[in-house]
Each structure stands twice: as C-alpha cells, then as structure tokens.
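Both of the next two complexes hold subunit A, though its partner changes from subunit B to subunit C.
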Partner chain A sequence: MEQIGILEGRQKQIFEKRQGITQPDIACDTSSLSGSVSQRACVFCGSRVVLYPVADAIHLVHGPIGCAAYTWDIRGAVSSGPELHRLSFSTDLQEMDVIYGGEKKLYHSLIELIEQYKPKAAFIYSTCIVGLIGDDIEAVCKKVAKETGIPVLPVHSEGFKGTKKDGYKAACHALMKLIGTGSTEDISKYSINILGEFNLAGEAWIIRQYYEKMGIEVVSTLTGDGRIDAVRRAHGATLNVVQCSGSMTWLAKEMEEKYGIPYIRVSYFGIEDMSKSLYDVAIHFPDRPEIMEAAKQIVSEEVKTLYPSLQKFKKALKGKKAAIYVGGAFKTFSLIKALRSIGMSVVLAGSQTGNKDDYARLKEMCDEGTVIVDDSNPVELSKFILEKGADLLIGGVKERPIAFKLGIGFCDHNHERKIPLAGFIGMYNFALEVYQSVMSPVWQFAPRKGGTL
Partner chain B sequence: MTHTHAKTATQNACKLCNPLGACLAFRGIENCVPFLHGSQGCATYIRRYLISHYKEPIDIASSNFHEETAVFGGSHNLKIGLKNVSEQYKPDVIGVATTCLSETIGDDVPMILREYKKEFKNGSPMPIMIHASTPSYQGSHIDGFHAAVHATVKALAVKGSKEELINLFPNMVSPADLRHLKEIFGDFGVPVMVLPDYSQTMDGGPWGEYHRIPPGGTPASAIAHAGSATASIEFGSTIETSKSAAGYLDVMFGVPGYHLPLPIGIKGSDRFFSLLETLTGNKRSEKYEDERRRLVDAYADGHKYVFEKKVILYGEEDLVIAMTVFLREIGMVPVLCASGGKSGQMKKRIEELVPDMDELDIKVREGVDFVDIEDEAKVLKPDFLIGNSKGYTMSRKNNIPLLRLGFPIHDRFGGQRMHHIGYRGTQELFDRIVNTVIEMRQNASSIGYTYM
Partner chain C sequence: MLLRHTSKEVKEREGLTINPAKTCQPIGAMYAALGIHGCLPHSHGSQGCCSYHRSTLTRHYKEPVMAATSSFTEGASVFGGQANLLAAIDTIFAVYDPDIIAVHSTCLSETIGDDLQQITKKASDDGKIPEGKYVIFASTPSFVGSHVTGYANMVAGIATQFAESTGVKKNQFNIIAGWMEPSDMREIKRMATVMGVNIVLFPDTSDVLDAPQTGKHVFYPKGGTTVTELKSSGDSLVSLALGSISAEPAAIALEKKCKVPFETLDIPIGLSATDRFIMAISKVAGVTVPDEITADRGRLVDVMCDMEQYLHGKRVALFGDPDQILPLTEFLLDLNMKPVHIVSGTPGQRFEKQMRQLLDERSPETNFKSGLQADMFLLHQWMKNEPVDLLFGNTYGKYMARDEDIPFIRFGFPILDRIGHSYFPNVGYSGSLRLLEKILNAVMDRQDRDALEEKFELVM
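Let's turn to the complex of A and B:
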C-alpha cells in the first residue's frame, strides 16, 4: 500500500506519544493551512452553533443564500416550546446589493420577520461579504430595536475574520448584551446556569433534571432549549457550570468579571465525568450538605442500573480500538474515559479547536503510541485509522464516510445526533451505538476484513 | 385569497449557492479535487451537505481566507493551497471555483493560475487547473454546476479530426441516472463523453486502502476529444447560452448541439431515444423497447390512481419543467411549478411543452422559497408535494405528503441510487407516485384494505 505523507505545514500539529522522548508542544490555535482540506468550518459557523438553540429568537443571516441554506435545521437542538430556531432566514444578497450595500434589505427583512414571527429577540449574523461591503449592521440593529422594542443583536461572524473560536466569542458577546437585562428577583442562592449544553436530543433536559433533583435551581440553560428571558436573568445565578469549554468559557469569564459569578468546567459524557459534574456543583454549596447527599444518591441509583447494562457491550468490545476526531478537545477527554469503561482503547485523538492546555492534558491521558492531531484532514485521519488498525471512528457527518469507506464502525458525536449521549442514560446510548456499529456483521464484506474488492 | 407576507428576506430557501454545484460537477472529472477560493466554511458546509445526500467522502479544498487575504488579495493563499493540494492529493485536475468573497475583492483567478504555473513549473507534476466563476450572490447551485461544466470544456476541449463520439451533458442527475445513460450509449454501440460523470465518485464501492480521490469520473484526456465529437446532447431547458457546454462546442468546433429537456416521461424519453437513433444510425435495442412497453402497461394499470391528482412540484427549474411534462402525460395536474432558481425562462419553456397550462391553472413561479410555496399550498390544496427533502418542514406542518426526488435527499436512504430519467427512471417515478396515492388512500380509509 502507498504511504501517505503529511504536508510540511501540518507536521507540527501532529504528534505520537512515545515513552522517554521529550516532544515539543503541539502547534494549535492557528488558522487552517490553505489547501489542506480542514474539517473546520468558519467564524460564522462558530456563532451559528452557539446561538442556534435559542428557540424564541429569529436568526437572520445577512449575506448570500449559502450560509443560511447550509445551516437550516441541521442540528439536533430541541425546544420545549417555540421553534423559531429551526427556520432559516437570509437576506439572500444579490449582485446589486453587493454593489450598493445591503442595509436597506437588512432593515426591511428584519421589520417584516419580526412582524411575521413575533420573536423575543433577533440575532443578525454577518457573513464574509458583509465584512467587505461595509454595511453598518450596528446602526440597522439599533434602529430596528428602537422601532420594534425587542433586542436586535448583531453577531460579527464574518467567515474569514478568524477561526470557529472567534465565532464562539462573537456569539458570547451578543449573549453578554442580553445578560443583566432581566429581573433576578426570587432566584435561589442555590442556583446555576448551564453553559455550553445545546440540548441535542434533549440532553439539557436530562442534565437539568439531575440538578433540580439535587435541589438546585437552574436559572438558564442559555443555549440549550434557550429562551431570551432566561438569558436576560442569567446573572442572578450563583454558579456557572460550563460544558463544551471551547465555546462558552469566554462568556463564563466575562460573567465572572462583570457579575462575580464563579464558574466550573464539566462534562456530561461518561459515568466518571457525569458523576463529577454533579459532585463539583454540590461542593460549591457546602452550607447545604443535602445537595451533596442528593448528588450521591443520584449517582448511586443511576450507576446501579447502568453498570450491569454495560457489561454486555464491554464483553463484546474488549480490546477494540477507537479513533476520535471531534470539534472541541474537552469532549475527547470524556470520550477516552467512556471508551475505556467499555473496554476500548484510543489510538487516535484529535480536535478541530483544542488549545495548548487541552493537548497537554490529552498527551497525559493517552496511552503509549496514541496519535494526537489538531485541525486534521481526511487524508491524515484515514492514514492513522489504517496504520493504527482502528475499529471505530467517533466524529461528525464529515468524518462518517471515511469510516464507512474503510470498513470500520462509526459513532456520531456531533451536533446532528438524534440520540442523547449525555448523562447516565447517554452513556448507555453511547455504548449501545458503539456496540451496534463495531459489532455489525456487515464489516465481514469490507475489503480490509477479507471481503472482495 | 392568497396568504402572503411582505417578503424581503428569503425564508427556508429552495436553492443552494453557486459554488456547491461547481464542486459536484468537478467531482465528475477523473482524479480531480474541487477547490474553493474563499473562506474555510464554504468548503466545509458544502462537503457536509453533499455527504448527507451521497454518503460518500468528498474532499473540497479551500484557500482559507483570513483578514489579510481579504485586504491584500487571495493570490498568496490560492497558490499555497494549490501547492498543498497538488502535494497531498496528486490530482490530474484541480477545479477552482470562486465564492462571494474572492469575487467581491476582485481576485483575477486566471491570472493567479498563470502565475502559479510559472512559479511552480519545476516542482511536482503540474495538474490541469480549471477555473469557474461562481459568485454566491448570483443565481443558485445549478448555475455553478453549469459554469463548472462549461469551464471544463472550455479549458480542455481541442479541435481534432471528426471521430465517432457523442458528448453528453446530462445536467444535475443522480449517479444511478448517469450509470443508466452510459448503459444506453453502450447498447447503442457509440462512444460517449459524459460530463460530469460522478456515477462512481459519488456512489462507489468500499475501499481496501485509502484513496486520496475516489476512482471514477471522466478523464481530462477524454474531455479533450469533445471538440472532435460528431454531436453533443445537452439535457436542460433553461441553460444560459453563455453557460452551455454544447453551445460552446458548436460555436468553437462546429460540433452540432442538441438541447433536450431532461428525458423524463414516455414522450421525453422517446425524444431522446429517437435522437440517438438518428445520430448513431442504430435502432434502440429490444431491451429499451421492453422497458417502454412495460411502462405503457404500467401507465394503464395505474392511471386511475393518479388522474387529476394535484401536486406542487419544486426543485431546479430544468427538473421541474421535465417533471411537469411527465405529470401531464399521466393526467396529473402540477398546480404549482416552483423553483428557487430564477432563469426567467421557466414559464415560457413549460408553455411550449404544455400548451394548455393556463386552462389547467398551472401556476409557475421562479425565485421562491418554501414559505412562498407553503402560502401557495394553503390556497391550491395539492394532494401531495414532489421535490427534495427540504420540503419536509412544510409538508409536516401542513399535513401534505411529500414524494422525494432530486437533490438533496437528506431524510431518506438511497437518494443517490434513485432513477429519474429514461423509461427506467420514469417507471421508478411512476411506481412511487402511484404508491404515494395508494398509501394516502389506505391511511385515510377506515376499513384498512389489504389490497388496493
């Protein structure tokens, strides 16, 4: 078989853990190499994914049609009420708008959409072209806010102005403008906000339930099953609990600075991290020991039913190898632990947007010989999957066909998923999905497993 | 009364952007990597969208603009990108399509490509580079598709002595349709140059080892012969002359071009098969006579289910036009023929093929989105919808069944293997239409018949 090489400009972003060899830190936090077919998207994508689950706002994409069309209802973020987030709105800029400016079109679009859908707020996303033609989005938003009486928030997410992470920041910036504008009356001292949980397949509901069972008030889930009014009073919470740290840490830091709300980082994937995320919150409220008691109770009850149900999967999956390539690095930590708990090892771990600390931690956690990659591409991922003999790939839609072409199992751990993977029940679903894909008899026909080509 | 809203914004678009079509078309050239000159997001979003339909890897490179690129021009990034793609993929062809970003800053892509060839001529093997201009603020994905096909022919076709060869520009059909078309030409015993041909690259087998670029597609060397072909056949009804590959070959190399609507329905397929008989001097094989006979028989068996059933049709204009003619042939009434595309020609083309369209109250609307279609549906009260998966939102909301065809099929399995054209494709469509009606009747019946 032909050896697959790594592009010169990419070598510093790849690293294989080897005993006794001091290796330089992985290069990360840079923009993608031109022509390398990054799996990343753009600034706009970062903003769009964070704000998308705010369900009672309209999300208007200011630009040509593509950006809105490709992001129409593509996430599994569900709502318990309004579903405005599942509609796709675009100013659909045409050549004449590019020449003469799109402000008028933006203004009329906003006025009409607000009249038609009666949203609680509007988010206006700038796309690449808006960054070039110089529309004064701020001014249009201000004018419309004044005329309609609802918050109209510009999101500066021009695709080329940074990476996906800058998009997260732009989204957080828009949220910051809302936070602090609602009443915090009647909010309990034992209260939290859940940050960076997008309610994919109802995951935020699962998590919320755990915390509420512990006697904690969830003021706002911000971006999962999100509501404008809840975001407005988020500053009334005592603690911010941040998942998907890549996207929301910035907001947590801002809230800490402005409102003195401390934050903790958690993950809801896998038994270990899920339990810890309950304990860590309980620790924050030492004056009420019953919170910790309740947390322990939940964990013990959940694990009691979950653990035996995992044994069938563990038995079948023992010794199988997994490759992980996801958006944020924080998720990979949990996935490594979750995979270990069902008998699997990890031979490749990578992310689109991890930072230095993330990769250092990853290096520490990983087994000998594990390959760690930042901002990888299909050629590299395939190379390492083959070389390391992985049986499973965990990723998103763009990674899926790589796994299936090469004849290995796949678990979708991205925003499109329809099955909740967070919480204790999520761990069961995760193990089940991995089991169903890795153990399927269809792989007997894959050429790599002896099938004919 | 029509339920209308003041509508400046596009809501739930019934179209995609220009570069998507170009990427798909470039995927139909052998050993070719599509390359978008613009932001990283364009390539990634388009990959995701195509993968969800075709279930195949599709690597699209990007020049990955950043702020300085937008200020100082994209030349530097494009060149690095081309170099990296050449190194990593070892392509024969790179299909460069622009985006709104690179078009707006006014990058002169042909010039950059010329410079690149000069600067890197001593390096690794130089792929052929094709440039299609596809600004997202113009037209829709189908325009990008045709632009890429046109640019490819323009870049590769050369003049040669006449040879027995037919060029086929099939439009944006499914991989299954492409395979069917190649089979038809094979049975007529005439060599064909199909562009694009993503029948294998977008619907291929498993891999024993990693392929940088999936096998399949029409080789550049074969496209070079397009200039010496006996004729070109181009499916489509609204392709602009400036984007018609067949038109270009006619003007440049005197290759006569035959423009047909997509061959859907018996009359549409007859027209295509007759043309092949004329061009090749061969009679169609018995296999296709049989397919036609079975189809005529099926029309008889199923006609009562479909007669005067009202549907709303939407999708690319050429598909909608051909489908309209087919539906009329089986007695159905497309009460609304809608497209997000805006060629300005759809109504005229339908009128030519369905002269009684006004009497039948067939409404034609270009440049619409799914909220417009939904508003129309409330008034027109169709029995069902025919179009791609994106109509599902309004289908569900308004309780109108949806028969899926075309692109994208994101919520059903096997969209890439669906036939639409020829007697075979028509048969498949007819079966599905009849079954849709039967299912509706079965569901609505309080008795629960087990035979229909």
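Let's turn to the complex of A and C:
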C-alpha cells in the first residue's frame, strides 16, 4: 500500500486547497484511464439507476445475463404500490443471438412480459453488445407498442458509449418521450415536479409531504416511487425542482425549452439546504404568500425539535474529520454543510461525476488543506484518509469495506442506505448514523488508521 | 407485492429470462483470479462490468475487492481494444505493481474480436511485462455459459499458463478448487494437513476475501496460491478436481500440458461426497485415514441419526450452481429429505446427465431444469404448484421464501444479506455438520413457530 503512489495521468484530477497558490481547474468529465481501479460504472448503469424506481413499468435488459443480474433489486428505491421494478428481466443473449441478431428474441420477450404483467409502459435497455450487433431496437419497440397499445421505450445505454452521465441523459431522453402524453387537466397553478429524487428509504415521501403541507401540488416525482401516468402529465407542472443535478438537469432543461417550465436546483440534505429548498419553491409563487408562510412554519417547527436533538452529537463529534467520496458533486456540497453543523470538518471531498463548475464551487467551500478528487480509486482514497487522519468515510458499496479495514467509521450515502437521510428527519438520522459509527466501541479493538492496536 | 407477481401457470417462454439463477462469465473469472497471490484481476471491457463485479463480490464478502478495467470507449469498440489493454498493462505494473495481471474478456471485447492471447503476447514482445511478472488471460464471453463457466475458464487459464513440468515429480497433489468459499478452501487445506498430504490448492481465496482487520487497506492480501506453487503443479503426482463443471477443465489442461493424471470428484459437501473425497486422497497418496477425520465423520453421522426423525420426507426446493447443488442434493437424499424442485441457470449436458442420474436412482419425480429459462421465476412457479417445506439458494431466494412463507437457507452465490459463508465451511464432515445444523434449525424453528400451544415442545 505505502509504495503505491498516485496514478500518473491522474494528477490533474486531484487538487489540494492551499493558501496563496493558484492551481489549474480540476480535470473532470473525462473517461477513466485504462488500467485504473476506478470506482465508476458505465452508461447502462446511469440509465438503469435513473429509470429504475418507475415501479409500474417493466425494465427489460437486452443483452447477456450479467447486466440484468447485477442490477436486480440492488437499490432501495421503494414503491408505495406496484413493484415491477424489483424484478429482473433479460433477453439473456446467447452466442447464436450475437451472430444472428437478437431482435426476434427481444420481440418475443416483450410480448411475453407485457402479457404476463400488464405494465403501464416498458423500458428496453441496450447493453454494450447490442450496440455492436446492430439490433434495430427502435423498430422492435415501435412494433410492440403498436401491438400492445402501451409505450415501449428504447433506452440507448450501451455501456461503452460514454460515461455514467451519458446514461443519465439516455434515461432522460426516454422520459422526455413520455412527458407530454398525459392530460394536464385539473393541475393546480401552484404545482411542481420533483426531479432527481429516487425515494431511497422513502425519502421522496418526506419531501413530498413538506411541499404538500405548503399547499403545493406535486404532479410527479422523477423517478422515486414513479408511475408512468404521473410522468406523462409532468409537463403540467409550473416549476421543476431538481435534486441530484447530475442525473436530471438535462431533463429540466429540455422541459424548459419544450414546455417553458423553469427549474431550480435544490438539495434536501442538511438543515440549511433543506430549508432553502422549501423557500426557493415558495419564492416562485409570490402571488400566494401563504406558501412562504407555510414554508417558514415548517422550517421553524422542524428546526425547533431538530436543533436541540443534534447538540449531543455535535458535542461528541466536535473536531472529528470526514472524507467524502460520492457519485454526484452536488451532494458533496450539502454533506460538507451538514457535517459542519455537527462539528465535523471535511478533509477529503470527491465525486465520480462532478463537472468543472462543481469542482470550482467545491474549492471555494472547502477548508484549507482539503483534498479534492475526481474519479478516485481505492489507493488514493486510502492514502488520503490516512494522511489526513479522517475519522469517517461517506461513500457507497465499494468504499465501505475500505473504511472498515482502515478502522474508521462509515456512512452509506449512496443507494444502499437503509434510512432516509433527506429532509429534517433525515438530518437527524444522518447525525445519528455518523455518531454511532464514529463513536462505536468496536474501534477500540481495531488497529486503527494504519497503525497498531 | 414483490414476487406476488409470479403466476402459477407455467408457460413456455421464447427467450425471456425472469429473475435469473445465474450471472455472466467475467465475475467468475475475477473471483478465481483473486485466489492467486499478488494477482490483480483485469476486466477487458467497459467500465461498468468491472464496477458491477467488484460491487457484487464486495457485497458478498464485505471486503475490498480490487480489479482494474480497460475502460472501453466508443473508439476502442471500433478500432479494437488492443491499445486499451496495452496501456492498461503499463499503468497497472507502474502503479499497482501486482505480480500477476489476470485478464478476462467480456461480451464487448469478444464481439469486436479482441484476441487476448495475441495482445498479451504483444505486451510481452514489447517488453511491457517486467521481469518476474506475469500477464495471464482467459476468454470469458458473457453470452456463453454462466459465472461458473467464467470461473472454470480462468482456473484452466491459470493451470495452462503457470504449470511447468521439470521432468522430476514432486511428492505432492493438486487439488483444484471448484467454485467454493474461502472458508471451504481453508477446510480443504486443513483436511489435507490432517491427512498428512502435501497439496497445491488453487485457486485459494482464503486469507484474501476473509482477511482480518489490520487498520490497513492491503491491496494484495497475504492469501492466494503463489506462482511457485502454481508452477510446481505440473510436477504433482495427481490432480483432484473438485467439481466437474468448475474445476475439471483445469485438470484436463494440466494433464494435456504436463501429463498430470487427474480424478474428478464432487465438491465434498455432505457425507457421501466427503467420503469420496477422503477416500480419493487416501488412495492417491497411499495414506490411512487418521482418527481425527474418522471422529469428524462419526460426529456428523451421529447427528444425522439423532435428528433423522425431524427431516424425513421434508420437501425441498433448491437452486444454484451445478458443482454445489449436485452434492447438496445427494446430502438431502442421504438425510431422507425430498428434493422436489431443482434449478440451475448454468447450462451443460454433463451436469444434466449427472443430476439426472442421481435423481433417476433416488428421486425420479423431482422437477429439474438447467440452462436457458431455468430461472427463479420458473422455480417459484413450480413451488406454487407443488409446495415445499424448505428452500435453498442464494440471497435472491428470500423473495420466494417470503412469498411462500417457508424457511430459507442461504447457500451459493451471491449472499448479499448475511455473513458466515466466508468463515464457516460447507465442505468436509465438520462443514457438513454445520450445514446439517442449519437445516435442522430452519425446520425446527418453523415447527416451533407453527406449533399449537398444547403441542409446543420443550424437548426436541
């Protein structure tokens, strides 16, 4: 471990904030270097995660079995009704299909699926190989749509055709085809769509409740606890509220252009950002001041109970250091603020898919000496965690065991989280989880941080 | 709601797979390569493949899993992935410094026609492989076979590319591990030691994927078969391949290359398969079975006899990988249990024949299907038509167990929601005893749960 340095060619994706030194912009939006142990995924992965929570559609993966197997029910995007999204459907392409084409198999699979499950729509994901053998997915989808009467939407998510972000875009493209096909009758003028909220651990329900309490109609959530009919009438909303900017900004921009719906970027993590996301929506409806009043009321009530309950954690966690490595950069901003509010500082901040603006902002936000990384790998993460003496790592599935091997706390802020971390209650849950992990008695038995017992 | 989506009526399907009882080749190749000391698995394909395999293995083992990727782009898929792989080899040796890079292909690189043999040879010719280091490869197209096939291909690749015969035989035996857990490999080694037999076990993921907490993130944990051991496998007296699907291809390769004769056995899960394993070692090495092993066996048989009354006639459904579910089925039959439905997504005539033979003799009415459309959806449909008392399978079985309200024993790969498989073996007499304990607990806990108050027993 010690002798492994930073990957040559990666220096431009790493940055340490230092007083008085101007450094070039971080290089991002690039694909990973061949041969790196990257934590990133592919185009297909991006599409799959964005569309996955749409629960009354079937999600058919067209390709060899793996892509469907590895994405089978691995995200905790919960549904209040149908759960078709939690099943795994694949055309399981074989050698003969690769040689002679998989269109027929795709057609039959679709017909069988639609007959079996009577879904509201079908999403067909192209995988790497489909991009090579040249199946005309569009034509098959059109044919099946005509025969079955439901929307059958191709998602062009061949793994190698870009990065995960391109997958987000392919998913949004499929959603765009649905939006505008439903009736917008009876939709209130005071209405929004919640974009980029995937209802992990039921978070979308929490957020939705706040907005509804303010007197705002939530037309659709894209895509948490998603329903095809709601997506179809999303163009009837007055405002798009975008979280997880990485995945949904493209859709918001498209909807602005096509339907004239403006959008705002928000985050539901931490007191500050959560409150702001309510106020920012309220500001959009100045002709109805009750909305802002209600937003203030919610914030003051929630903070009144939340703030005192956080003090215990803050006292214990004061001076502890955190490392953050998550998918999208926008989440990093909120996490830095949220961690500060419980007395912790951030010594490493990074993301898989942040863009130039994100990293510029990150630089501005971070403390002196904070390391900022794009598309990092386990070697770098371990190195910086040890060097900077972090007590906590916030990340996803591949980062978790690294934290534990190093003997530091961990908080899953990715799709495997089990408890809602969004909203005011989410801030409490977050603080509790961080507190429990960082202060756990188990660490006293573990040789910590590369040292000895 | 979940899986209540499964309908009772079984219909022929023309291509569709629902809830697969298998995954694709490359993850098996990655797992096998992790059982070589100082080896970094390398996925020659898109970035997603590598990420998915690492995530799945990490969830299964709760351990960091290191592997690199060629990170294919559109350019690579048009012009071929040779440049990516050559660049990757440079990067990996320069930065991650493994002793070995084990490259496996993917559906993408196979379809564009990348020839790993040619590319790795070019890497060698171009001097990209430092002295004393190795780049090995296995072709693992995702559209053929399953994860088990990928494992078998990589293990065969390891055998072919490392084994050397010096002409002088060594007093040692190869044990080629079929797909099993680190705990199972550790137990195989323990049994060999107790028998007083020198073995080379490969691959060997013990001390790699069950590593202790050390306060460090070690890129290459201390476990894994070493290059020296692998080279010497060509001079071994005999190879014992544990599993006809996942291990035998490597034994055949070794025989071909170094003329090491082999015998194929089942993975020693359960009494009968362990008996055959112990007898085979005893025979090839000419050693008697030590008392310690005999006592292990005695304890297993003792519990089988003591608790027989709770198991006989219990109806079981199971799904999983050929080399594991074959001996498991035999064990269940030995326990007088009734395997009613058996499914494996892994195709193969050899396995079908073996399983059919076992069932024809002892349970001809059992439903059995492997290969295409042998998925969990079908298994679940069968279970709805002919209910069972107990289900065995990987974590995805929990949906069916919940829907049918039956006890469930986690067995196979992947297990994403429990620990234990890394630490406690299913193989050998003591591993089988633990498996038996699990079966008894599952069945008897259910009996307790469902018992009428007046029939709720203290002594069982």
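In this text, the second predicted complex is superposed on the first by the 445 of 453 C-alpha atoms of A that agree within 3 Å, B and C clash if a C-alpha of one lies under 4 Å from a C-alpha of the other, contacts with A are read in each partner's own complex, and residues count from 1 in each chain.
Here is the rule we go by: contacts are C-beta pairs under 8 Å (C-beta built on N, C-alpha and C of every residue); 3 or more make two chains touch, one makes a residue touch a chain.
None of these values were measured; they are calculated from a predicted model.
Partners subunit B and subunit C, brought together by superposition on subunit A, clash.
Of the two partner chains, subunit C is the only one that A:84 touches; subunit B does not reach it.
In the superposed model, A:33 makes contact with both subunit B and subunit C. Contact with both subunit B and subunit C is seen for A:160 once the two complexes are overlaid on the shared chain.
Across the two superposed structures, the residue set of subunit A contacted by subunit B and also by subunit C is 1, 4-5, 7, 9, 31-45, 63-74, 86-95, 97-98, 105, 108-109, 112-113, 116, 127-129, 131-133, 159-162, 378-379, 382, 397-398, 400-402, 404-407, 446-448, 451, 453. The part of subunit B that touches subunit A in the complex is made up of residues 5-13, 15-20, 35, 38-49, 51-52, 55-67, 69-70, 77-78, 80-85, 87-89, 99-101, 104-105, 135-138, 140, 205-212, 390, 393. Every residue of subunit A that touches subunit C in the complex is listed here, in rising order: 1, 3-5, 7-9, 31-45, 63-74, 79, 81-84, 86-95, 97-98, 104-106, 108-109, 112-113, 116-117, 127-129, 131-133, 159-163, 378-379, 382, 397-398, 400-402, 404-407, 446-453.
Across the interface of their complex, subunit B is touched by residues 1-2, 4-5, 7, 9, 31-45, 60, 63-74, 86-95, 97-98, 105, 108-109, 112-113, 115-116, 127-129, 131-133, 159-162, 377-379, 382-383, 386, 397-398, 400-402, 404-407, 445-448, 451, 453 of subunit A. Interface of subunit C with subunit A (complex): residues 1-3, 5, 7, 11, 13-20, 22-24, 26-27, 40, 42, 45-56, 58-59, 62-74, 76-77, 84-85, 87-92, 94-97, 106-108, 111-112, 141-144, 146, 211, 213-219, 345, 372, 396.
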